[in-house]
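Paired with chain B in one complex and with chain C in the other, chain A is shared by the two complexes that follow.
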Partner chain A sequence: MALKTLVIGNGSCAFDIVDNLLSKNVEVIIATRDNSLHQKFSEIMGQNITEIHTETTIHSCTGAIGNFTISMKNNNKSIIRIVDCIVIAEDSFRKTLFASYGLSPSTKTISLSDLDNPENYKNIADENKSFVLLKGLKFESNPVISKEVMDSSIKLASHGQSKIYILTKNLKVAGNRLEALYRKAKKAGIIFIKFTDSEPEFFQGEDGKTCIEFTDEVTKKNFSLTPDITVVDESIVPSDYLETLAKTFGLNIDCSGFLQSDNVHRLPAYTNRKGIFVAGPSRGISSPEDYKAEAGTAAIAVLNNSDKNNYDIKDKAYINKGGCVRCLTCYRICPHKTISLNSTLSVMPEGCEGCGLCTAECPKNAITIENLDHKFLIPDDKIQNADSASKPRITAFCCSRSAAEAYKLAVSIGLTLPEGLKIVEVPCAGSISLTHILNSLKNSTGGTIILTCHEGNCFSEKGNVFAHNRAKSVSKMISDAGYKKERLMTYTIASNMGKEFSNILNDFEKNIIDLE
Partner chain B sequence: MIKRKHKGMPKKNVLVIGGGVAGLAAALELAEQEIGVDLIEKSEFLGGHAARFSCKASGECVKCGACIVVEKLKKSFLNPNIRIHTGCKIKKFENNGIIKTRVDKESSEISFESDAAIIASGFKPFNPVNKPFGYKRFNNVITNIDLEEMLKLEDDVVRPSDKRFPKSIAFIQCVGSRDESLNHLWCSHVCCGSALRVAKKIKSIKPETEITFFYIDVQTFGKDFQEFYDSMKQEIRMVRSIPGDILISDNDCPQITFFDSEKNCSIDEIFEMVVLSIGLTPGEDNKNLSELMDIKLDDSGFFKSGENSSTGIFTAGTSRGPMSIEDAILDGGRAALEAIKYIDRKDL
Partner chain C sequence: MTEADKRVNLDQLDHDSCRSWDYSQDFCVTCGICSSMCPVSGIDDFDPRKLVRMISLGMENEAVDSRWPWICTMCGKCEASCPMEIKISSIVRKIRSLRERDEVPGILHKGLETALKTGNNLGLPKEDFEFILEDVAEEIAEEPSFENFTVEIDKKGANILTTIHNKLVNTHTDDLKHWWKIFHAAGEDWTVPSENWEGTNWGLFTGDDEAMKKMSGRIVDHMKNLGAKNLLWPE
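Up next, the complex of A and B:
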C-alpha cells in the first residue's frame, strides 16, 4: 500500500518536497491556509494521486506514525484523513525593522522587500540617485538578508546608480559564494561602511527622507548622509501559523519559534515526534538556495522512517492497566507525545522511542519497558571485570547515546578505567528511577555515578534534567541519613569524549578511595 | 533489537566517495532504501575531519554537531547494505550508464559496478605555514584543529612548549579564508562558530584565561546566535582586525602585531598561545577526481553542484564548498535522494 503523507505548506520548499515524494509514489495530501496554491504546483496538478486542500487549517491530530488521524477545517467543513507521516514546510515571514532604527516607512525610507518588488523597482531606480542600505545594525543579521542586500545593490549599480552605500555591522558572508559577491559589489563601486561598537544615528525629515550621521571607525571623521532612498533591512521570522501547528501536533520549538528544538539529535529534518518532519523555512532561517537540500532530506526522511512495524515491542513502554491511576504524569512528560488518552491510558508503541522517562517518573510504577528492566537487573559484566577486592566497586549509569559511547571509545583506545567499574547502559538517563539509584548505592561498595548527555543534547529533550534532579534529591536524602553524598555523583559528557570519560571515572574512583 | 525485514541482496548499488559526514549521511539514507553502498575512503578511518573535533559543551550543549558523527559511524558499521572500504585510492573510473570503478587497497585491487556515484570527498584544511604567523616554527602557535584534537584526546588545553594552561590566548580568524592574496574568495562558514564555542569552553574551564578574538566579521551560527554572541562579547575581547605578523618573545610567547583602530596605530602584544582558525579549501583530490569522473570544478576549485544529474554522478558536502556539519548532513541526504531518483528514472 502506498505511503500517505500530509504536507503542510505552500512555498517552493513545500513544492520540492511534494515533487520528491510523488516521484517515489508517495500519496500526498497538501493542506494550506492560502486560498490558492503557489503557481509552481501547477506542474504536478495532473498527477491524480495528489489531494489538495486550500483555505484549510489543521484542527487536531491523534495517533502515531503510520496512523495519524488528522482533522482539518475548511470553511467550517470538517475533513478527516489518516496519514502515515506529516511534513511541515510553511514559508517564513519577513519582519521590517523600521521601528528598531526609530524610522517610519515612507516613499523615501523603504524596506528591503519594497526595493526588491519588481513592480516598484524600475521607478525607484530611475527616479532616485543616492541609496543607503542598512544591514544588521541593531540585530545580528544572516547570510540570506546579506545576499539580498548585496544583490539589490549590484542591480542598482548596473542600473547606472553610482552612489550606493551599505552600512553594516558584521557582514554575513557564510553563505554560498557570498564573499565573491561582496568583492563583486565593491568592484561595482558600492561603498561598505562597517560599524563595530558604534552605531549611526538616524533622523527622519518631514519629507520622509532619512538622515544618517556617524563617525567613521577608521578615520574618526564625522559623516552625514541624506540619501534619496534609505533601505531598511528585515529579519526572518517563523510563520505565525507555526505556533498553532506546534500546539496541535505537540512539537517543540526553538527560541525564535521555528518548529525544531535546538537539539542536534533533531537534525536534519526530525521533530520530537516520530513521523512528523520539518523542513526549510519552518525549521529555521534558510535561503531559497538551500531548499533543494532541505526538501531532499525531508523527503528521504519520510521514505526511510515510515516503517511503523520496524520495532521490538520489548523496547517500548507499556502501561499496566491495573496499576495506572490516570494521574497523567506520563501524558504530561512524554517527550515524543505518544501516550494515547482514551478510557484507559496507553502507549502507542509506533511512536515510542523507548526512552523510559515515563517508567522512572510514574508514581505508581505502573509503566515498564521489558528490555529496560532486564538491563537494570543484569548489568553487562562482559566488557569490564566486575569485582576486585582491593578496588571500590563503582556503578556507572551511562546514557546509551553519550556516556556509553564515550566509554566504548575509552576502551577502544586503551585508556585506564577503574578496575571495579560496572557499566549500566540505559536508553536515556531519564529512565534511571529513584529505586535504581538507591539500589545501586545499596549494592555498590564504592559509589554510583550517573553520566548523561549535556543539557540541550538529550534525545528525549529533558531526560538528562530529570536524571540530575533525581540524583540531587537522593543526594540530599542520603546526606541527611549520614551517608557520604560524594558516593553519588552526576556528570554530563558527549559520545566522542573518551579521554574525558576516563578522567571523570578515575577522579571519581580516587575520591571514593580517599573517603575510605 | 530492531527487526529488520529481510529483503535479500540489494538490486541497485551506489558508489560513495569519501567517508566523512556527507558521505556517511548519504550512504545511510541510500542503505535504508535497500540500495547497496560501496563507501570508499582513502584514509584508514571513517568520520573525516569531524571525527577529530572535540565536544565544546561546558555542561550545556553548544550545538557544534561533533557528537553526531559518532552516531552516523555506528549506524553505518551496523548497516549490512553498506560495504566499507578504507585505505582505498581510485585507479580507474568508467561511466557508460553503469559506473565501473577500480581501486587500489593496500597491494590488491578491488572493482565495483555502480548505478550512480556520489562524490563526498571533503575539504583540505588550509595549511598556514606560508602565512607570517610562525606556524610550525613557533611551538605555541597552533591551529584550531590542533586545539580541537588536544581537547578531545587530552581533555585539556595546554601550551605545546611547556604543557601549562595558557593565561592568555589569541584566536586569529580567516586564516586562508576571505583572502584575496591567495585568491581564496570564500568564507569558510564554520570557523567563527568553532572558535567562539571553544573560547566559551576554555572560559568555563578557567574563567581567568584572557581571550582575544581577531576577526573581520563575526558570522552567524546556531539558533541562538544573538544571545550567544552578546554573552561572548562580555567574556572575551573582540578586536576587529587581522594581525600582520607574529614574532616570538620571551618564554616562547608569540607576539602579535595588529592595527588597533581605537588608538589608530599599530600595536605589539604578547600572548601565551595563538590559535589560527584555518579555512576550508578544496579537497586535494578534487582536480584528479574532476578529470577522472568528468565533473567540472568552479573557479575556486570546489565541485560545481546540480549539473550532473544526467550522468548519475552527484556531489555532496564540503567537496562543493565550505559547510557546517549540519549542512553536510542535509547535503548528503539531498545527494542520496537525487541518486535514488536518477536510478528510478533510468529504470523506466
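Up next, the complex of A and C:
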C-alpha cells in the first residue's frame, strides 16, 4: 500500500516536497489555510495529488507514525484522514522594519519586498536616481536579507543607477557566496557605509522622502543623504500558524518560534515526534536553495518509512493496565507524544523512543521497558565482589547519547578511570528514577554519579532536567538523614568529552576517598 | 560655521570622479590594517584608510587640497599589508600629482625646480662640484695604501658610471669615501659625470611624471655620451 502523507503548507518549499513525494508515488494530501493554492502547484495539478484542502486548518492529531488520525476543519466542515507521515512547510513571513527606524512607508520610503516586487520594479528603477538601502541597523539581519539587499542593489546598478548606498551595521559575508557578492556590489560602484559605534539619524519629510544624516566612521566627516528612494530592510519571522500547529501536534519550537527545537540531536527534517517532519521556512531562515535541499531531505525522511515492517517497536514502554490509576503523568510528560488516551492509556510503540521518562515518573511503577529496568538492578553479589577491591565502588549512570560515548572515548584513548567504576548506560538520563538513585546509593560503597547531556541538548528535550531535579531532591533527602550528600553528584557532558569524563570521575573518586 | 553647515551632501558628490583610477580603491573593506601599519598614522589625523575612503567616495578635490597626502613617506607598508591589494601609495602619488605645481610643499617643490634648472637639487655649480670631488679624492690619497687614488670625472668608456645623491657632496662627504675606496681596492674602472649628476628624483614624491622622465633621461644621456658599460644608481 502506498505511503500516505499530509503536507501542510502552500509555498515553494511545500511545492518541492509534494513534487518530490509524487515522483516516488507517495499519496499526498495538501492542507493549507489559504483560500487558493499557490500558483506553482498548477504545474503538477491533475497528477496524483490525492486531495487538496484549501481554507483548511488542522484541528487535532492522534496516533503515531504509520497511523496518524488527522481531523481538519474547513469552514465548520470537519474532514478526517488517516496518514502515515506529516510534513510541515508553512512559509515564513516578512516583517517590515519601518517603525524601528521611526519611518512611515510612502512612495519614497519603501520596503525591500516593495522594491523587489516585479510589478513596480521598472517604474521605481526608471523614475528615480539615488537609492539608499538600510540593512541591519536596528536588528542584526539574517544573511538571507544581506544577500537580497546586495542583489537588489546590483540589479539597480545594472539598470543604470549610479548612486546606490547600502547603510549597514555588521556585514557578515561568511555565508555561501556572500563575499563574492560583496565584491560584485563594490565593482558595480555601490557605496557601503558601515556603522560600528554610531548610527545614522533619519528624518522624513512631508513628501515621504527620507533624509539621513551621519558621521562617516572612517573619514570622520559629516554627511547627509537625501535619496530619491530609501529602502528599509525586513526581518523574517515564522508563520503565526506554527504556534497552533506546535500545540496541535505536540512539537517543540526554537527560541524564535520555528518548528524544531535548538537541539544538537535534531537532524534536519526531524522533530521530537516520529513521523512528523518539518522543512524550509517552518524550520528556520535559510536561502531559497537551502530550502530546496531541505524539501528533498524531508521527502527522503518520509520515504524512509515506506516499509512498516521496519518500524522500530522493540524495547518500548508498556503500560500495565492493572497498575495504572490514570493520573496522566506519563501522557503529559512523554516528550515524543506517543501515549494515547482512550478508555485506558497505552503506549503506541511505533512512536516510542524508549527514553524511559514515563517509567521513571509513573507514581505507580506501572510502566516498564523490557531490557531497561533490569539493567539498573545491580545484583548484590556482584557488588560484594567489588567491595573486595581497595578502591570505593562508584556507580555512574551514563546517558547513552553523551556520557556513555564519552566513557568509551576515554577508554579507547587509554585515560585512567577509577578502579571501582561501574557504568550503567541508560537510554536517556530521564529514565533514572528516584528508586534507581536510592538503590544505587544503598548498594555502592563509594558514591553515585549521574552524567547527562548538556542542558538544551537532550534528545528527549527535558530528560536531563528531570534527572538533575531528581538527584537534587535525593541529595536533600540524604543530607537531612545525615548522609554525606557529596556521595551523589550530577554533571553534564557531551559525547566528545573523553578527557573531561576521566577528570570528573577521578576527581569524584578522590573526593569520596577523602570523605572516608 | 556650525557642524551642520559643514555637512557634505553625499549624493551630490561625483562618486565617479576617481573611478578611472586603477588602484582598486573601491574594494577597500575599511579594515584599517593599512592605518595600523603606517608609520605616520595619527600625524595631523592622517591615516591611509581615510585617503582611500575619500577617493572611493569621489572626494577628489578635498583630498588634493588636504595636507594628508604630503604627510605620507611613500614607504609602502600600507600597501604591502592591505588584504584587498589596494595600491595605496599609488593613490597618494596620484593625489599629489593633481596639485598645482607651485602649491607642492616648499622643500620638494624648490628642490625639484632647482634640479630641473641646474642638474642637481642643491643648485651646486659645476666648478664647486668638481672642487669638492677632487678635495675628497685628495683626502683619500693621504691615507695609507690609497696613495695613488684619483677621481676621473667624465671619463669615456668606463665600466661603471655612478650618480651622486646631493647630500654626499654637501653634508655627508665621508660617506662618499667608503665606496670610492671599495672601487679603488677592487681595481674598478669608474667615473662620475660633471653635470646632471643628481641621483635623487623628487618627481617621484611630488607625483610629477614629466620631471621624473626628464631627470632619468639625463642619466640615460650620460650613459650614451660617455659610453659607460654599467650604471650604479645608489638611491
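To be clear about the criterion, the second predicted complex is superposed on the first by the 493 of 516 C-alpha atoms of A that agree within 3 Å, B and C clash if a C-alpha of one lies under 4 Å from a C-alpha of the other, contacts with A are read in each partner's own complex, and residues count from 1 in each chain.
What we mean here is this: a contact is a pair of C-beta atoms (placed from the backbone, for glycine too) under 8 Å apart; a residue touches a chain by one contact, two chains touch by 3 or more.
Values in this document were obtained by computation on a predicted structure and should not be read as measured data.
Once the two complexes are laid over each other on the shared chain, residue contacts for A:310 go to chain B alone; chain C is not touched.
When the shared chain is aligned, chain C comes close enough to touch A:186, but chain B does not. When the two structures are aligned on the shared chain, A:140 is found in touch with chain B, with no touch to chain C. Of the two partner chains placed by the overlay, only chain B lies in contact with A:267; chain C stays clear of it. By the touch criterion defined above, A:218 lies against chain B and chain C together after alignment on the C-alpha atoms of chain A. Applying the stated contact rule after C-alpha superposition, one finds that A:457 touches chain B and leaves chain C untouched. By the touch criterion defined above, A:163 reaches chain C but does not reach chain B. In the superposition on chain A, A:174 makes contact with chain B only, while chain C stays out of contact range. Applying the stated contact rule after C-alpha superposition, one finds that A:476 touches neither chain B nor chain C.
When chain B and chain C are set side by side, the one touching more residues of chain A is B. Comparing the two interfaces of chain A, the one with chain B and the one with chain C have residues 183, 194, 217-218, 220 in common.
Across the interface of their complex, chain A is touched by residues 1-5, 29, 32-33, 51, 53-55, 57, 59-61, 63, 65-71, 74, 152-155, 177-178, 180, 185-190, 192, 217-227, 229, 238, 240, 261, 264, 300, 306, 321-322, 326-327, 329-331, 333-338, 340-341, 344 of chain B.
Those residues of chain A lying in contact with chain C across their complex are 130, 162-163, 165, 183, 186-187, 189, 191, 194, 213, 216-227. Per the touch definition, chain C reaches chain A in the complex via residues 3-4, 6-11, 15-16, 19, 26-27, 30, 45, 49-50, 53-54, 56-57, 59. The residues of chain A lying in touch with chain B in their complex are 20, 23-24, 139-143, 170-180, 183, 194, 196, 217-218, 220, 254-256, 258, 262-265, 267-269, 284, 290, 292-297, 299-301, 303-304, 307, 309-312, 314-315, 371, 401-402, 405, 409, 453-457, 492-497, 499-500, 503.
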